[in-house]
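Let me begin by handing over the structure; questions about it come next.
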Amino acid sequence: MDTSLVLQNLFTPPVLFFFLGVIAVLVGSDLEIPAPLPKLFSLYLLLAIGFKGGLELQHSGISGPVLPTISAAMLMSLLVPLYSFAVLRLRFDGFNAAAIAATYGSISAVTFITAESFLDTQHLPHDGFMVAALALMESPAIIVGLLLVKLATPRGEAAAESGSEAFQWKQVLHEALLNGSVFLLVGSLVVGFLTAANSPMSAEKMLPFTDKLFYGALSFFLLDMGLVAAQRLRDLRQAGSFLIGFSLLMPLFNALLGALIARGLGLDAGNGLLFVVLCASASYIAVPAAMRMTVPEANPSLYISTALGLTFPFNIIVGIPLYMALVRQVLP
Amino acid sequence: MDTSLVLQNLFTPPVLFFFLGVIAVLVGSDLEIPAPLPKLFSLYLLLAIGFKGGLELQHSGISGPVLPTISAAMLMSLLVPLYSFAVLRLRFDGFNAAAIAATYGSISAVTFITAESFLDTQHLPHDGFMVAALALMESPAIIVGLLLVKLATPRGEAAAESGSEAFQWKQVLHEALLNGSVFLLVGSLVVGFLTAANSPMSAEKMLPFTDKLFYGALSFFLLDMGLVAAQRLRDLRQAGSFLIGFSLLMPLFNALLGALIARGLGLDAGNGLLFVVLCASASYIAVPAAMRMTVPEANPSLYISTALGLTFPFNIIVGIPLYMALVRQVLP
Amino acid sequence: MDTSLVLQNLFTPPVLFFFLGVIAVLVGSDLEIPAPLPKLFSLYLLLAIGFKGGLELQHSGISGPVLPTISAAMLMSLLVPLYSFAVLRLRFDGFNAAAIAATYGSISAVTFITAESFLDTQHLPHDGFMVAALALMESPAIIVGLLLVKLATPRGEAAAESGSEAFQWKQVLHEALLNGSVFLLVGSLVVGFLTAANSPMSAEKMLPFTDKLFYGALSFFLLDMGLVAAQRLRDLRQAGSFLIGFSLLMPLFNALLGALIARGLGLDAGNGLLFVVLCASASYIAVPAAMRMTVPEANPSLYISTALGLTFPFNIIVGIPLYMALVRQVLP
Amino acid sequence: MKRVDLILSERELDTVLRAIDQAGSTGYTVTKHVTGRGPRGAVSEGMDFSGLGANAHVIVFCEPEVLEPLRQAVKPLLAYYGGVGYVSEASPL
Amino acid sequence: MKRVDLILSERELDTVLRAIDQAGSTGYTVTKHVTGRGPRGAVSEGMDFSGLGANAHVIVFCEPEVLEPLRQAVKPLLAYYGGVGYVSEASPL
Amino acid sequence: MKRVDLILSERELDTVLRAIDQAGSTGYTVTKHVTGRGPRGAVSEGMDFSGLGANAHVIVFCEPEVLEPLRQAVKPLLAYYGGVGYVSEASPL
């Protein structure tokens, strides 16, 4: 593998600021970005990525690989939790296994964004419909997570026996489809799409905010993510080596599968990398929110710490360049 | 009326994001922009609009239609509460009627800003002195609001009978003139004016912040305004159809009057639209703050919900293009 | 002295917005910028100044006046507290004298930034290594502050007599070296340095955020600083005329000494001014944080009000142009 | 009068507030962005932006009669989702 | 010792804090950006940016003597502008 | 059960939370960005960005046994750095 790719990724402001945040926690600095400032950046990034994706989607149109790619992405968000669950059941009860599995079926928008920035530094083009794929991978993973609880836990069995419906499907679907971050991402995509179609001039006027500022805001936010991820690392001692292994190997496996599918879809290198990153990343926003509500029996520090404390840093630092090398190997 | 104007206004990011916020509330998404982030955007918008207005005022100078327009605007902010009060007294007690009336005499800076953005997409010029008019319409409305309470409520009568002064005029004038948002708007106007006069180069250096970013920040803020306005809509059931009718018809009447005055002042289409928007919009920041303090007998959810839950969305979505059509008709 | 310099400094947006904040408090406006928004701006300014300093440091290299200047700056941050302490002991106990003295040995990043902006409007170049000097002046001042407590207060004597170690040096060094603002500044410097060396293209992509936005964000932040400084002014009545005199004369003396050292170092006018500003400014972030923790016997409203309520406004408004005139006189 | 303090995740806040209303309280007060530690682990400020969110602290001043319906509505929520609830005495100022 | 909890609009906060000082309390603690519902309707986070603002929660630990002047200064404000005040027992740690 | 309210500077918060853990409490709740006034002067929102920071309000519901170790761990901190601590009665909902 090309180690220069790793270095090219490493020495960019987003990744360096992420490191800075991690180091701050490790050395015990009192640097902090108080709430709700991180929320400002996470809302901004979702809005900006959605809006830009919508503009591009309008320009490229919904044809060629668009629908197959989105369908494949949604399929992966159903599939990944299934085999993740099988692996996790070796060590965890059904509740925890289901919650962690759902996390890995879904995606991390920040990882996706960082991969896009990486592609830009590599001068590799990528398309707006990948943002649509990103947006549509959250909900299926949440639904499959709850299905797993229903089919394979005592709560599910109790409900089945008594014939009652222990599961508030309405609540689950609500969380899956109307979760704030999913809603903002999809909504901004639609706004971008409509704007590009009807008022190109006003789309232009958005760019200083949604485009020019983006890279700096991402770097600032990754500083905070470094702080948070490093704080989560501590929880992982509790998690044990099985989960640590899972959180590093499962992304690799998902990436491999994703690369093969990307090849089957005929994606180019840019979109291929993004597809792989979607498969390999895990959610620490929408899915934990839904799991907390619908599977309170699971321990949040398990599912959020794996996704945020290990898989996220791994993907940001070595995963993205690694997947790039993989994509170059696998795609024709 | 030209429906294409409505569509041209509708499919711009500020209005679309406003809709997105409204929809989020209607479908029950948990999307929220936590305090004090909305405050950041509202402070930013006031600072930026004031500063830019100051720059332009310096370039255009204080001559021609400047003083007459500002005077007419202030007159309208005295007049509108008077006839609004007369109408509102048909259904409400003096306290509530006075508070709602004051609200409609004053202005909504965000509606004004959205109208400016609309003009920009229409390539219609407008002038910095309109920002001065904007800034100077808050205080008179507040003062007239309290005068109405004094003249036409039991509290006023009691005070008159006993010969005592039940009204803390000092406090009212303080609120009217030194209210944070009025102060920031006027202050930024002065800063912009002085900067343009003395240090054009440093004025230039402000533009990426005050100018380039503006449209995106407005869109982000309108997302929040959509959330808030839709939440307020619920309160309006309590308000009843009289108030709903008032909140939609009164702006139209004020707009008509405003358009005639704009014609009398000889304003061009751009400034004309802004003048009409000032007349037609209602305050949900400075005036409610003052009314809460000086007329605590009035029910805040009445005056703020009408201004924010109905008049504001109405103006943003259909009002602005409607007034544009009106201005084109009325101005020579 | 050239009064036009004072006016050139005065009529720039940062200084005018600072005034606006001061006036808001003086006239009793309720304008406020609620927490944690000011923190957002202060984090942003540290990140941006550090990053830009790092880029420049990479381009200029570490040679010529770089190391001598940084060493001289650190020396001044040790020296200033020593003679300040001697002066302050005339009126204050050892604890308060040490805490105030440490404050003056350290620096105010915002004053430095405002001086940089002033230089830009004067078209005078300055170098990235001055940011390194800025970053390295915080820690020594904190350490010397505690040494003064150890050597010259009852607590120090008690500890010496009993042979015990009353001073948690670990804690002090931790505060001195890992304080959040020092850490962010140094860290961003390193990030900028590494980015410039390895990925010039991604450095470029940061500029809309770190560079273009900077002047406006500084102006916004100075509005808040004006509010805060004016609130602090009230505390100063309690402080008395000795401390007021100190807070205005000590910066002048430090500036004079700084100008002579700058001459000795062979600095040009731009870097010379920045060096003088470092000497003349006093800390209201890192040092008070450390003093509160390590010298709780001292009265925070004394040391923070002098630094923030008097020295800071003095430097921003008249100090910077005054020091510019001084630098022009003293440097060959 | 009674004072009830409830501390729970922001995500269950709306449900709990509805329960308080239905129990017949004249009002409540909410502080959000609160953090803490309990039997189910720590809730830190750093996670405020994530899906887990922070805690909310709800204070209810109410007549003793309100206590029982409040308890019945809120206790199952606290038991299922986590959070604590305590009662103390308070008298109007 | 007594513990007094006051919940009122941020806009009246300064007036109330002055009253607390004058009543002779040694101190107070304030949490801003607090929301809630009371007889005069709901105060929501969404309105924090608007002119109405949010609520503030003021806690005062004081000697029993301070209670009476505090009550006299604060009760009219609460009655006129809205807000609630409650007293309970507390002893120093 | 006992309810302990601690109000102290955010800068000493971590130390105090560790002491609460060690005293054997099952949990605690923290509100940050709190302001106030005490014998050592005022802590205002305007200083939140500066090195002094704001206050934190810590609430601990605990068994009476926890009180004594808590007192021993926390009182010296409050005495040295400032801040107040009060105890009152509370019973589980």
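Note that the chains are named A, B, C, D, E and F in the order they appear, and that numbering of residues resets to 1 at the start of each chain.
Basically, a residue touches a chain if its C-beta (ideal position, glycine included) is under 8 Å from a C-beta of that chain, and two chains touch if they have at least 3 such contacts.
Given the structure is predicted, the values throughout are model-derived calculations rather than measurements.
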Query: Counting only C-alpha atoms to place each centre, which chain is farthest from chain F?
result: B
Task: Starting from the Cα centroid of chain D, hunt down the chain whose centroid lies farthest away.
output: C
Query: Is the contact between chain E and chain F built from the same residue numbers on each copy (over half shared) or from different ones (under half shared)?
result: different
Message: With a Cα-based fit, what is the angle in degrees between chain B and its identical partner chain C, given to the nearest 5?
response: 120
Field: chain D and chain F, separation of their C-alpha mean positions in angstrom
entry: 20
Query: Where the CA atoms of chain B average out and where those of chain E average out, how many Å apart are those spots?
result: 32
Query: Where does chain C touch two or more other chains at once, residue-wise?
result: 32, 34-36, 39-40, 179, 181, 208, 212-213
Statement: chain D residues touching 2+ other chains are 31-33, 45, 88-89
- line: In the complex, the residues of chain D that touch chain E are 1, 3, 17, 21, 26-32, 59, 61, 88-93
Message: For a test of understanding, state which residues of chain A touch chain C in their complex under the given definition.
response: 7-8, 11-13, 16-17, 20, 23-24, 27-37, 40, 117, 120-121, 208, 212-213, 215-217, 219-220, 223
- request: State the interface residues of chain F toward chain C in the complex, per the touch definition above.
  value: 9, 11-12, 33, 40-42, 44-54, 80-82
Task: Please name which positions on chain C make contact with chain F in the complex.
output: 32, 34-36, 38-39, 42, 179, 181, 224, 227-228, 231, 283-293, 296, 299-301, 304, 308
Query: Within the complex, which stretch of chain C touches chain A?
result: 35-36, 39-40, 43-44, 47, 51, 174, 178-181, 183-184, 187-188, 190-191, 194-195, 197-199, 201-203, 205-206, 208-210, 212-213
